[in-house]
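Sharing a structure below in structure tokens format, with a few things to ask.
For clarity, chains are labelled A, B, C and D in written order, and residue numbers in each chain start from 1.
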Amino acid sequence: MEISKMFKRFPTLFPPIFKDCSYRLITNKLTWVLVAILMLPCALGLLVYYEFSGDRISEEVNGEKIYYTSSGELLHEDLRVLFLEISEYFGIGFIALLLGIMFSSELISEEYNLKTMQILRTSPIHPIEIFTYRYISGIITGVILLGLYSTIFYIIVMMGAGIHGILEEIGLLALVIKIVILNWIGFLSIFCAINVYFERPYLICFIYWLFWEQIMSGQNYQQITLTHYINSIIYDSLTEMGWSVTASDYGLVNSNNDTIATDPLISTFIILIVGISFIFIGSRGISSKQF
Amino acid sequence: MIEAKNVIKKYGQVTALDDFTVDIPKGKIGILGPNGAGKSTFVKIALGLIESTSGEITVLGENLDKNSIEIRKKIGYMPEHDCIPNKMTGVEFLIEMGQVSGLDYQTATQRTHEILGHLRMGEEKYRLIEEYSGGMRQKIKLAQGLVHGPELMFLDEPTSGLDPNARQEMLETINGLAEISNTNVLLSTHILQDVETVCDYVIIINNGKLQIKENVKELVKRQTDTIQIRVGENSDEFISILKQNNNKRNIEITDRWIRIPYKNEESFKEIISAAASAKCQLYEMERIAMTMDNIYLEVVN
Amino acid sequence: MKNDAKIADKFKDFKPNLSDRRNIILGMGLRGFEKLFSLKNKSILFLIGIVYLWTFAFYLLLGQDSYPCNTVSEELKTCTHLNFYGDLQYGGTRIFLVLIAAVASSGLIANDLTDKSIHLYLSRPISRIDYLIARIIPIFLLMLTITLIPNLVVFISQFSKSGLDVDFLSSNMWTLSNLILQAIFYSISYSIIGITFSAAINRESLASAGFFGTVYGVSLIVEIFYGLMSEMDIENSEYILLLSIIHFLDIISYKIFNVDYFVTIFGSPEVIEFPLSIIIGLYVLLFSSFILLVNYIISKMEVTK
Amino acid sequence: MSTIIFEEVTKNYGRVQGISNVSLNIGPGVTGILGPNGAGKSTTMKVLLGLARPSIGSVYVDGVNPFDNFDLRNKIGFVPEYDCFYEHMSAVDYVSYFLMIHDFSKEEAVEKAENSLIELGLQDSMYRKIRTYSRGMRQKTKVARATAFNPQILVLDEPFQGADPTTRHLLMEKINSWSEEGKTILISSHILHDVEYLTDNIILINNGRVLASGNRHEIRKLMSNIPIQIKISPIDKNQLRPLVKRMLDEKWITAGRLLESEGEIILETNESEKFYTEFPQILEDEKIIVEKIVSDDDTLDSLYSKLVEGKQWK
């Protein structure tokens, strides 16, 4: 089928597929377990806020309340570190990754389990369409979920520093959301492709992430991992925002201790390329798979 | 065997059984009815798995309200869906089920092998259930219901998913059940031919109410007023001769059969002479008998 | 011999002699326990082996003298039997206990639910609660073998170290009974949690992952936040410890010994007090709701299929 | 008018046999595909649907290879044996979802979906979630999905499985009417009675081989090594004995049996064609009227078991 025809079909074909996929992703039991885990830092953050809000010192400048810690430092600079650290575990790190693995399995593997893939393969829909639409639905749902979560968590954490603190560090939230989007574009397409080719996608995805992304990144040849490019972007943005971070904080050094961070624009570009190429690899797998 | 008096069962707004009254005799009984007619609800109530909203049920002479758990010692149940564990051997599973019913280990073992012998399971009984074919799985399902020697056996769709040979064998086994430890059989199925071959009595339930309860053999003996014929070569000539004789009656013709209304014995004579003069082969000629299909559709619709 | 020729009847009448419900349940439970111990379950045997090795290496070989533990001192090793359930770095086996409970209990009901054989069990002459009890027995017994027995061995070794002194026994009567009570408490609690997960998540591997992840993972997160909050000197921060089941159970087990609770994961021991009524009330509420949930799940299955 | 041609098709899954050396030619009308479990029925269907690529040989559906061919997929409707639903959708959503893939606009798709569901008698429940459906309703939904876009070829794998008799009857009527419209319908069923009711054209597969294909009466005739038994019952029971005697005079009757209690005689012959041609004449001459001429040997049941047991070669 020609590409032009696919584009023409997009407006009719995508909405029902998106509706179906997002419904399935959101009503999945495991999503709720993960969301509950994600909510835990929020709840605890709220608790922390109420307990310590009496201890902070505030000063009014130009009608805005600026909060300080008892040792006289800007409170929002303390809190932003907390936000980023916890986000690296939850919003863009481990939990988000579990969510990604789960989403990809629900989007692709479940079609094989439900045997609806057989029906799709006897219907006039191209494997690229099958794969891409599910992938895009997954990205949209995941990004909305995690973006929302990051925003809520950001507000809860920065609430201690008042409106001023929230506005002051808004760039950090933007960065986290940007990373969420790039993370999902890159990883979801790899996970989905793994789901097409392998019988036990959960295990393989996890092994891939652990051995390839976690252990390889921080080594000399880390440019072959997606994590490297993600870290490069975080590192670059943080330096631009005036944080005092070093490349080694994000493992962007080789064994000679030289900084090997990649330019953020190129990084973004590479992540997009990886995402698109795995679309093709995945749809190739769907079209060649027999029943 | 089972007496139900004014049984009502409601699931929230939905009424599954609506003032259901029946007296089921001993023997092999078939229960028919559309999906959601209340068949399985009735079976589950009779098993004591769920409670009726109101009404009284007596199973094997004992009131169900008082000892619904004790009564299960006398009842075997073969569910419709696949419900046997894969990671056990057939024998292991049956012994376990026997013990859960209250048999001691040695008796359960002896009984298991005896039943599997009757069901013609060979060495494969020592293999894992996951390697079994559909027919063998059905047999294990049947055997687990029989292992504690029940007086009454509920069979829910025992032949579904079986290929023709396995189905035939399963039906023969069910036919023999009455002889294995005098078991009465209550068979619920969607395949009407099964009821025809196996059962003594048939009960049709629709909309939670009893429609009919009758003897199967007498039901099927009834004949319709149509003769079905199948002929070979020269069928055109045969038909034209028939038409001359039967100009006032309507003859149904398809490329598979010809149907003529039955008036009296002369009808047969006309057909035979028509075939003789047209010199065509007369493959088949008989009055179509009432089948379970006709009766069922008549009752339910 | 002429008259002895015989043809057997095709079918023999079978008059079953069925035992009552109590025996059936006990038999089911014991067979389930046997199965958990069979060679097929290599992972469980392996974990049990580790627990024993760990216990013996830690408490018998490395040894220590002061026993029992009446108050919490700086020296944690004096509280041997309580430490047994603590975190690894303090010599405890908590992670293994949770792991064994997760792995062993996950299949008990989940397998019956996946292959739907639960319908067959429920059509036997036992009630739903009977079935649940029969399914809890194996995991309960398994937990006893890894909570009670190692602790008893430690007790006996202490006893022999004291030179088989009868005074040691009489002065430690309460310790011994508390030890047994505590082991039973842990076993029954973890069994109920395991059964709940097994019934709620009806796939074996997911159930065990869910059990471990929820119980252990939540305890870690709670612990992190507790650390954070106590650093900030926030009042009543210890109440968030009740969010984690592990901590909750530990609190009760310390109550059994009439010892104040202290945190062990991350950071130095710290004494925390809770009112007894809150804890017992919460426990009863939590575990009865677990049992009701399982009962509800099974009863729902009965009706639908 | 669509035709399906298999040319010596073999399909293996790794080391497992699917079908071996199957040659078929299926034309318009209903064709029943029979065989034990695991014989290769589903594989045959999958190969012709383009879900699996033949290991050896080639398949042509309407003259093109179904694997990879896009336009063909608008012409084939498939009802699989297993459930294949998005359980959270309603039947209308589900059917229209697939209709949109068939290039219908949203409004058209919903309208067509509703129509075909109503035709199959699901009007009361088509807006409910599929999760709540009974087996019969699920079958109807599957059939509606496969037929809503009006395909020329219909492949039905066990469409009556689990359906109650009313649903079964309705589906059969539908299949009959589609076959009259000239559609090519391939149907597999374990219940031979249903296939017998629908069609005389069968394909019998066992162990991956096609044992027989074509009209079942013709197949029976080809198995000339097995004598045919014919049941006859005269109206006048006194004529039972004379009739047997008379028939045994003919040398093409090999055996005769008298069942007095049932009022029947059973005749066995090796030359069935001759028997069927001459028998009416004999009756006419002898002035005997019979009310039944039936051969239990000629039912699909008996044909099936004979072929599967391999009696045609003995």
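Some observations on this one:
The rule is short, and it goes like this: contacts are C-beta pairs under 8 Å (C-beta built on N, C-alpha and C of every residue); 3 or more make two chains touch, one makes a residue touch a chain.
All of these numbers come straight from a predicted model, not from anything done at the bench.
The minimal number of chain-to-chain contact steps leading from subunit C to subunit D is 2.
Ranked by separation of Cα centres from subunit C, the top chain is D.
Taking each chain's centre as the average of its CA atoms, subunit B and subunit C sit 48 Å apart. The centroid of the Cα atoms in subunit B and the matching centroid in subunit D are 22 Å apart. Averaged Cα coordinates give subunit A a centre that lies 53 Å from the centre of subunit D. Subunit A and subunit B have Cα centroids lying 57 Å from one another. In this structure, the chains touch in the following pairs: A-C, A-D, B-C, B-D. The touching residues of subunit A, counted against subunit D in their complex, run 1, 9, 12-13, 15-17, 20, 23-24, 27, 114-116, 118-126, 287, 290-291. Those residues of subunit C that touch subunit A in the shared complex are 201, 210, 214, 217-218, 221, 225, 228-229, 232, 234-235, 237, 240. The touching residues of subunit D, when paired with subunit B in their complex, are 34-38, 134-137, 161-169, 190-193, 200, 217, 235, 273, 276-277, 279-281, 283-284, 289-295, 298, 301, 304-305, 308.
Taken together, the subunit A residues at the contact with subunit C in this complex read 29, 33, 37, 40-41, 44, 47-48, 51-52, 55.
Residue ranges of subunit C in contact with subunit B, taken from their complex: 10-21, 23-24, 27-28, 31, 111-112, 115-127, 302-303, 305.
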